[in-house]
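In the two complexes below, subunit A is the common chain; its partner is subunit B in one and subunit C in the other.
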Partner chain A sequence: MGQLLLGLINGSFYAVLSLGLAVIFGLLNIINFSHGAQYMMGAFVAWMLLNYLGIGYWPALILAPLIVGATGIALEKLALSRLYKLDHLYGLLLTFGIALIIQGLFRNYYGISGLPYQIPDLLSGGQNLGFMFLPNYRAWIVVASVIVCFGTWFMIEKTRLGAYLRAATENPALVGAFGINVPRMITLTYGFGVALAGLAGVLAAPIYAVNPNMGADLIIVVFAVVVIGGMGSIMGAIVTGYGLGLIEGLTRVFYPEGSAVVIFVIMAIVLLIKPEGLFGRTA
Partner chain B sequence: MFRPIALGSLALATMTAGPALAQDINVKLGVLNDRSGVYADLSGEGSVVAARMAVEDFGAAEKGISVEIVSADHQNKPDIASNIARQWYDTEGVDAILDVPTSSAALAVAEITAQAGKVFINSGAASTDLTGAQCQPTTIHWTYDTAALANGTGKAVTEAGGKKWFFLTADYAFGHALERDTTTVVEANGGEVVGKVNVPFPATDFSSFLLQAQGSGADVIGLANAGGDTVNAIKQASEFGITQAGQKLAALLMFVTDVHALGAETAQGLSLTEAFYWDQNEATREWSARFEEQHGSKPTMVQAGVYSGTLHYLRAVEAVGKTESMEVLTKMKEMEFDDPLFGKGYIRGDGRVVHDMYLFEVKKPGESSGEWDLYNQIAVISGEDAFLPMLDECNFTK
Partner chain C sequence: MSETATQSAWAAQSDDALLAVRGLHGWYGESHVLHGVDFDVNEGEVVTLLGRNGAGKTSTLSAIMGLLGKRTGSVRFRDTEMIALQPRHIARLGIALCPEERGIFASLNVEENLMLPPQIAEGGLTVERIYQLFPNLLERRRSQGTKLSGGEQQMLAIGRILRTGAKLLLLDEPTEGLAPVIVHQIGTTIRELKKEGFTIVLVEQNLRFAASVADRHYVVEQGRVIDMIPNAEFDASIGKLHGYLGV
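Right after this comes the complex of A and B.
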């Protein structure tokens, strides 16, 4: 029971991160390999806000994603927007290179061991649920991630803005003809996806080591989640994020040595049986 | 990839100026370690700085010894380490390789050094196999090993009443070695191991494994891992209230940079074993201040070990009057040392450097006067108690 709950908590991270990836891929057709680095930046920006400006966790929860999202927007404007006409592969290579550069820069300035970041006072401590001790902070992560995931899904699938976005990816020329600024919308969408990564980074800062490699370790798993869920499927990313968190959690109990591999085994099986992913639309 | 450091020029200048020099020796040292990965902070460029300081403090130039230092990144991979070592020995005329963290890479370099008949002074790696099952006449193991860690932290925690142990073991050679050596020490001191879990390496989330450890009813959770894994495990143990509920954590390998990364708030009260801490005495403080000036952070025991190893190597070269490896090695083992960082010590026939180890406890945030003021010294473990006895077949001075 406790282990299931832990799996769900880890799934929350997978869900928020893979959601960002899915939004970016689904609406922009970009495979954003710098997502892990942007997640790391979220955690580092939270640390910088605290240590250089004395800004605590709660404002950082808003500010850090905005800052990271702004860097994403700059990146899209300066570089990515030039690649839309080319094959996916170029976007992938560019974002991968950017990720390495960002990680290298942070490593150069802050070293590899990481930096301390405390859990905010309001959320320290925890509840004894009888079957396990649930830290308040972990409970908060689940709540925050459910809100963010549902909010994003609602915005894209159910609102007028989301409809514009989806229409713009189907036929940008036609949507542009209706007087909608398509390039700006795409830029903002990328910024939003990146901000989601930054948000996950802030959420992670108090419980995981804040170091330049924190995203590199996670991004591969998150990509597997997106592939299993179906590239570009918002709902798929959310559901598989939580689901795989659970499966991984169970593996940690019954066969811990295999817990690092289980997600990839599932990915291989899903790709063999349903190459478009569990929730993917057949092209 | 290789960065020669121009110390030689200084030496050369003095040599041409001073006619009274007795010796004219060229030494080339290679610092081989992790410069970009998980061990980059505890070894990395800091080890190069330490080696350079050793050359300066020794006054190599005035003694007619011209020293060049090169460095490279082995990325913690044995194959890359082997290639660089081979290239250094065969084509670049390197006389000795220093540091080499990551046990698997260190064992590979040890073998190549023996084949090439050069000198390998290890500081960063932990495996006791370097002076045990895979001992070589050309290996010197300077700073610490898994047995010394077990005899420090493992013994102290068991004696303090932590009888039932549960291990979280990093699932690779180093983790298993550390678990094995600690188990021996725990059992010898009347403790028992009630369970363990092999954690895939590297790991981010330890909550599931920590809960298993909590459910086992153990007194002590032994962390047989290193670096980011240890930091994550400790952070999350405090979050899940495991330490508050009475179970103790024993971080079997932790460097001052890891404690710094955790912060005193989370790390307080942990006991750990190191061979060196910057704030031990006047000499270590003075040296560490100079190191910090050049490198920007306090030295780890690995970096201090590179300094001492280089210093001792140069003393031997001076005494022998040449760089011929076997003669230098014999001299190094003959001469005892009294070093500003490691105090008195000597090198056994198997290449194990015997010096005191120290048991530290991490200070509470209120006691700490600065970001690097992290340890209280609890006990001194004499070198004879800390390290494993020498295997007969590894005694190369017989």
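Right after this comes the complex of A and C.
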């Protein structure tokens, strides 16, 4: 049971991170390799806000994603937007390079030992559910990620702004010819996807050590989640995120040796049977 | 000699024209597709661009809308020169395009497709009026846009640009591949829109349909406008038109 909960918490991170990747891929057609580094930045910005400015967890939960999102917007404006006319591979290479630079910078200044970040007072302690002990902070992560995932899904699938996004994903030229500023929408979408990564970073800060490699370790799994769910599918990213977290947890109970590879085994099987992913649209 | 004479015949009204196209050249990548297009459209008129496949009719509409990669010459709408403007700015001046491939979005339902183009000016049709023109769309408003029949998709593609307040409509082959009863309905709609004060540039292959809705016809060949025929002279010119179009 404890392992299942752990799986659900991992799944919460997978879902929020792969959601950001899916949003970005859907509109920009760019595989954002710096997503892991941006997640790490979220955790670091929260840590810096606390240690340099005395700004606590709750404001950081809003501020850090905004700050990380703003760096994403700057990155899109200055660099990514120049690559859209080229092969998508260049976007991938650029974001990969950016990720290495960001990780290198943080490693240089903060080392790799990891910095502690306190669980906020409001969420310390836990509940005894009888069959297990549930730390409050972990319950909060699950709740927060469900809210974020549902909110993002709702915004994209049910609102007018979301309709613009979906339409621009299909035919940006025509959406532009209706008088909509598509380049600005692309910039903001990238910023939003990056902010989601930053938010996941803040959520992670109190339970994982804040260290420059935290994103690099996680992002490989998240890419597998996105591939399984279907590139660019919002619903696919969310459902597979939680689902694979749980499956990973279950594997840890029944066959602990396999828990590190189970997601990649599933990815291989899905790619063989349904190459567009479980929720992917066939073009 | 005779060519310059005919050109001035339709370029003379330029002063009060709603849309004035002069010496318009356009390129798709490296390929030069428009070679100096000249024509005028007056306010409240329906004009067609007739011509063979590949003559440059669709490219002309794309160039007016700013969608061709490279273009030179002059496209003036009211008092604004649009040759260097982005498509989104051209749209905001009050011009809307209904593309040949219709451009219905698969990830949007019918109502979302209809409501997608933002309102850019007062005076567009209300949603109720559009549903009144195209009752099928009301019935199917929750369906996925691309699940509609070809005719319904065409109505949706026309309907959604009527809401925005754009007064100049560029319609690219709205009757292509549709059943006669639907073609008839679209013809009725175009005459209705003219009555409501819309100005329409219509790319057409179907001569009979063109004659039933338009005031004037421009003939496009090899990226130029080579002739203009008022609708009153359509029947008298039918032999000449068949020659131009090779039918």
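Observations on the model:
By our rule, the second predicted complex is superposed on the first by the 281 of 283 C-alpha atoms of A that agree within 3 Å, B and C clash if a C-alpha of one lies under 4 Å from a C-alpha of the other, contacts with A are read in each partner's own complex, and residues count from 1 in each chain.
Following the convention adopted for this analysis, a residue touches a chain if its C-beta (ideal position, glycine included) is under 8 Å from a C-beta of that chain, and two chains touch if they have at least 3 such contacts.
Remember, it's a predicted structure, so these values are computed and weren't measured experimentally.
Of the two partner chains placed by superposition, only subunit C is touched by A:178; subunit B is not. In the superposition on chain A, A:167 contacts subunit C only, with no contact to subunit B. Residue contacts after overlaying the shared chain place A:209 against subunit B, while subunit C stays out of touching range.
When the two complexes are overlaid on their common chain A, residue A:51 makes contact with neither subunit B nor subunit C. Judged by the touch definition given at the top, the superposed model places A:260 against subunit B, while subunit C stays out of reach. Of the two partner chains placed by the overlay, only subunit B lies in contact with A:107; subunit C stays clear of it. In the superposed model, A:249 makes contact with subunit B only, not with subunit C. In the superposed model, more residues of subunit A are touched by B than by the other of subunit B and subunit C.
Once the two complexes are overlaid on the shared chain, A:126 sits against subunit B while remaining clear of subunit C. Those residues of subunit A that touch subunit B in the shared complex are 2-3, 6-7, 9-10, 104, 107, 111-116, 118-119, 125-126, 132-133, 135, 137-138, 206-209, 211, 213-214, 217-218, 249, 252-253, 256-257, 259-261. Subunit A makes touch with subunit C in their complex at residues 160, 163-164, 166-167, 169-171, 173-182.
Interface of subunit C with subunit A (complex): residues 65-67, 86-92, 96-97, 99, 103, 105-108, 112, 115-118, 120, 161, 164.
Here subunit B touches subunit A in the complex through residues 36-42, 171, 197-200, 202-205, 207-209, 211-212, 227-228, 231-232, 235-236, 239-241, 245, 257-258, 260-263, 265-266, 297, going by the rule given at the top.
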